[in-house]
Amino acid sequence: MLSIKNLHASVEEGQEILKGLNLEVKAGEVHAIMGPNGSGKSTLASVLAGKDGYEVTEGSVDFDGTDLLDLKAEDRAKEGMFLAFQYPVEIPGVSNINFLRTAINEIREYRKEDKISAKDFLAKVKDASNLVELDNKLASRAVNVGFSGGEKKRNEIFQMAMLEPKLAILDETDSGLDIDALRIVSEGVNKLKSEKNAIILITHYQRLLDYIKPDFVHVLSEGQIIKTGTKELALELEDKGYDWINEETAQ
Amino acid sequence: MGETYTEEDLAKNLEQQEYKYGFTSDFESDKAPVGLNEDIIRFISAKKEEPEWLLEKRLQAFHAWEKMQEPDWAHVNYDKPDFQAISYYSAPKQTKKYESWDDVDPEMKETMKKLGISLEEQQRLTGTAVDFVVDSVSVATSFKKKLNELGIIFCSFSEAVQEHPELVKKYMGTVVPHTDNFYAALNSAVFTDGSFCYIPKGVRCPMELSTYFRINEGGTGQFERTLVVADKGSYVSYLEGCTAPMRDENQLHAAVVELISLDDAEIKYSTVQNWYPGNKEGVGGVFNFVTKRGLCERNAKISWTQVETGSAVTWKYPSCVLKGDNSVGEFYSVAVTNNFQQADTGSKMIHLGKNTSSTIISKGISAGQSQNAYRGLVQIHAGAENARNRSECDSLLLSDRSGAHTFPYIECKNNSARIEHEATTSKIGEDQIFYCQQRGIDPEKAIGLIVNGYCKEVLNHMPMEFAVEAQKLLEISLENSVG
Amino acid sequence: MELVVDNKVLEFVADFKKPEEGSEVRKQAMAALNGMDFPTTRIEEWKYTRVAKYVKRKYKQVQATANVENYKIADLNAHQLVFVNGYYDESLSTILEDDAVEIQNIDTLDEAYYSDLVDGTEENVFSLINKAYQTGGVSIQIKKNKKANHPIHLLHIVNGEEVIANARHFVHAENGSKAEIVATFHSENSENSFSNIVFEGHVETNASLTINKMQTEAKNMLHISNELFVQDESSNFLINTITTGSLLTRNGLNVIVEGENCHTEMNGAYLGTEKQHLDNHTLIDQLYSNCTSSESYQGVMDGKSVGVFNGKVIVRQDAQKIEAYQSNRNILLSKKASVNSKPELEIYADDVRCSHGSTIGELDPEAIYYLRSRGISEESAKQLLVAGFIGGVLDKVENEALRANIDDLFLKDFGWKF
């Protein structure tokens, strides 16, 4: 589904962050990308989602047969890529509902589908908010405005449930969540997981992986994936930190 | 109020495209020769079969106007209109009053249909009474009978002059005297028609009263006059909307609106203004120089809500004179400028009575190469014990060629007053736009969403149908403004 | 043939001593005064400040002496330059050893450099009168990459009846330099006199200039100052203006930011009693990107005094990423006191974060009550609250000796302790 080959990307100021990153993700898989601060995790998410301010200098990203890097940010979303933001953005005055309805209809239009009916939409809102135990009131409140940190993260997963992406990238979705919220968010993600979609978890901590079981764990360091393993690798990282891998690869 | 539009409406509204009101309807006009002098004023007055006292008032205003200078303190730049090149009277040719809706000229009905405000629909669906004005002459009034039963008078200004001269004589010019300013004086001399509304003591008007104005005849000015009197303990919500067809030459609009809210009464006055703003090169468009002011007696309240997206040049400061103790004034405004539009708008809150309070919420949005200024006055007089004012003026910039300016004047002569003014100017958030993009919404639509959210506090003060229209206008007026 | 002078401004300056050798600046100022008039409240910039009755007086330029001891600031350890009625008094002045500072007569200022610097800036009738007829002042040079070893204290005293003091100063803070200037304005036995001050300067790249200004002139005087500072890139400029004096004070402060990455800060405290009229008029003109400015003016008005604040920030079209903050807060202590506040933003660039706030109100009755319930008298409670209110601005004065002097002044004049 997603094939990243030799990806190099710099920030506008010129500094190279991603230095030849390779990653293959197939439908039905869950990948975890771990790594120390500044290793390029969030840059990878931003580059994939098409955020301004980054320049891809080399490499390619194929998303289900489409050259992802050629697409505008909104078209990547329409093609089925979803990014759960590390810091969800507040949009005062725009209700979650209104926001999502606009998004869904835009995506449907892109896929030459009819607009969603009010009835179907509301039913979906109900299901999705149950999924992450999001208070119904939050659905009608302005996007992320006045939400607690945990509510914002739950709102991201709520939106994921609404938009039904092919590929979801969860950028530090677990950070700042207490154990209860972590469980709710994880269970939500697990329910959304299917044979047809894929999930990339970007995280600092192993604890998220207790709830969402990854098929692969990748270690990102200095803009490259330097080690790939299974869930056990995450445990090892938690135990020993990242330095031993760096040493290992250095040898 | 605070109702919100439905999501269905929103989706529909998002589909709006070009300025859809750019057409000219073709009915013949009864038009005065161009120019302004005593004879023209006598012509207008005679044409309208006015009583002598009103002609006198007009002439007084005209003589005052002759001695006045067109103001130039506003943050706008334009070629001053040639007041001698304007025709000051143009009425649709039909002189006969309509007995029923069926009698109305089909072409005029068509016009209204294009405006999206067909009377049938309005009557059937919304329960709103509409006083429809084309080029200053009222052509159709509905729901009159129902209002009559309650003693509510809602009619054209000329009709009020004929039918209720004592009310007109008593209140006209008491809030906006003919010497008030250049445009008010001009209006007082040459006004052709407008609306009049009187709500008797203790009556709560059961429906929203609304008037749609549009400028139609090329080269004509629009000088309506609105007078709303809410007698003691009464309530009325009044809507005013306007659309104008495309014209190449600038057209002048100099209206006067006077509101009088007697003891314990409340007037809610909502406006959606989208006069033709000129084209993308800044050619054409309406000059909108309007004087709007309300007077509050004891425990009275006046609330102005406006969404301004139109006109090439806007000069407008809906105001409240809080004369009575405990009276309340409110001003909620969204002003959008795009392309080469210029707006200098805001409010004045004059606190005279004790325990008076006022609120100003102003949201300015500047796109293209437009200039958008908030100008407001909060004045606390010495006798206004415990007066309160809160003002919030926010400006949102959508392009690096546009300007957003804030000129508040705060004058306080009483130490028990409490005044708080805050203003911010900022760019639309790039992170917000990206967030929307990541959910599949293109930047243009994202801006529409964000802007509507930004204006929510004001839109929430509008009656529902009006809020929908206002939202629609925001979308249209900001099209192609990404930059 | 002698023409009858029908111009108020020319009449105003008629008896002033014509300067002996013509400098271009003086000549141009004199020429500009022809055909000018004093401002009325119809002029937007002077909407709230009426000068008519003051400019009808026949002021005279006279040299005098004064007892400078009363106005010295203990422990300031500064270069002390004394001006009495706008004339430099060498005998009362002390210039210390300082390799970073050069102080000269204002008449030695390079006029070509000066004219080039102020080209395009706006003058008004008062600044022009000063420039045409100034009687003294200094040109201060802070040398490149040096830090002044001492603050520079410009000490002004007005002494006499219906005297006009036209002092004019210029400070040139060269690249990378740093200095602090203290300007104080006092009066002694003054009756209906007029301090008409011009203070200008150029803060070059990476230079840092702080000015602390304090004015305590008699409450029968007119004080008008016109200040203009130009900042080059990466420079810092801070000015604190403390005003308690004069019957009518008009502080006109303009800063033109002509380079990127500058920081501009203006703070003001004004305390009015009796029939004082205290007007602070400021402008920050941002012409380049990535600059920040912060402005905070706080006023306490008692008696029948009137406070005026008119602050304007202009952000020009190509000046992106500007952050400008402006605040004006006022407390009215008496029924008859009043305030007019006009904070303005004129923004032509889009990527900016600008805000302003303005408040007017009385002291919080709840707070007074709370203090009283702790055994503090009502009067003390009010003083405490006012001191707390104004203290935030006074804290911007980092010079301890000066701060101590200001605290003394407030204690003596108002009984306020900080």
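Lettered A, B and C in written order, each chain numbered from 1.
Throughout what follows, contacts are C-beta pairs under 8 Å (C-beta built on N, C-alpha and C of every residue); 3 or more make two chains touch, one makes a residue touch a chain.
Note that the coordinates shown come from a computational prediction; the quantities given were computed from them, not determined experimentally.
*Asks:* Testing understanding: with touching defined as stated, what is the shape of the graph linking the protein chains, line, ring, star, complete or other?
*Replies:* Topology of touching chains reads as a line.
*Asks:* Please list the single chain whose C-alpha centre lies closest to the global protein C-alpha centre.
*Replies:* Minimum centroid-to-centroid distance belongs to B.
*Asks:* Using mean C-alpha positions as chain centres, tell me how far chain B is from chain C in Å, no decimals.
*Replies:* 44
*Asks:* Could you put a whole-Å number on the gap between the CA centroids of chain A and chain C?
*Replies:* That pair's centroid distance is 56 Å.
*Asks:* What's the distance between the Cα centroids of chain A and chain B, rounded to whole Å?
*Replies:* That pair's centroid distance is 48 Å.
*Asks:* Mind pulling up the chain C residues that touch chain B in the complex?
*Replies:* Within the complex, chain C touches chain B at residues 44, 48, 317, 320, 330, 332-362.
*Asks:* Could you list, by residue number, the parts of chain A that touch chain B in their complex?
*Replies:* 49-52, 72-74, 76-78, 82-83, 85, 88-94, 97-107, 110, 115, 118, 121, 142-143, 159, 163
*Asks:* Give every residue of chain B touching chain C within the complex, in rising order.
*Replies:* Checking each residue of chain B against chain C gives 73, 75, 380, 382, 395, 397-427.
*Asks:* Spell out the part of chain B that touches chain A in their complex, as residue ranges.
*Replies:* By the definition above, chain B touches chain A via 7-8, 10-11, 14, 429-432, 434-443, 445, 449-450, 452-457.
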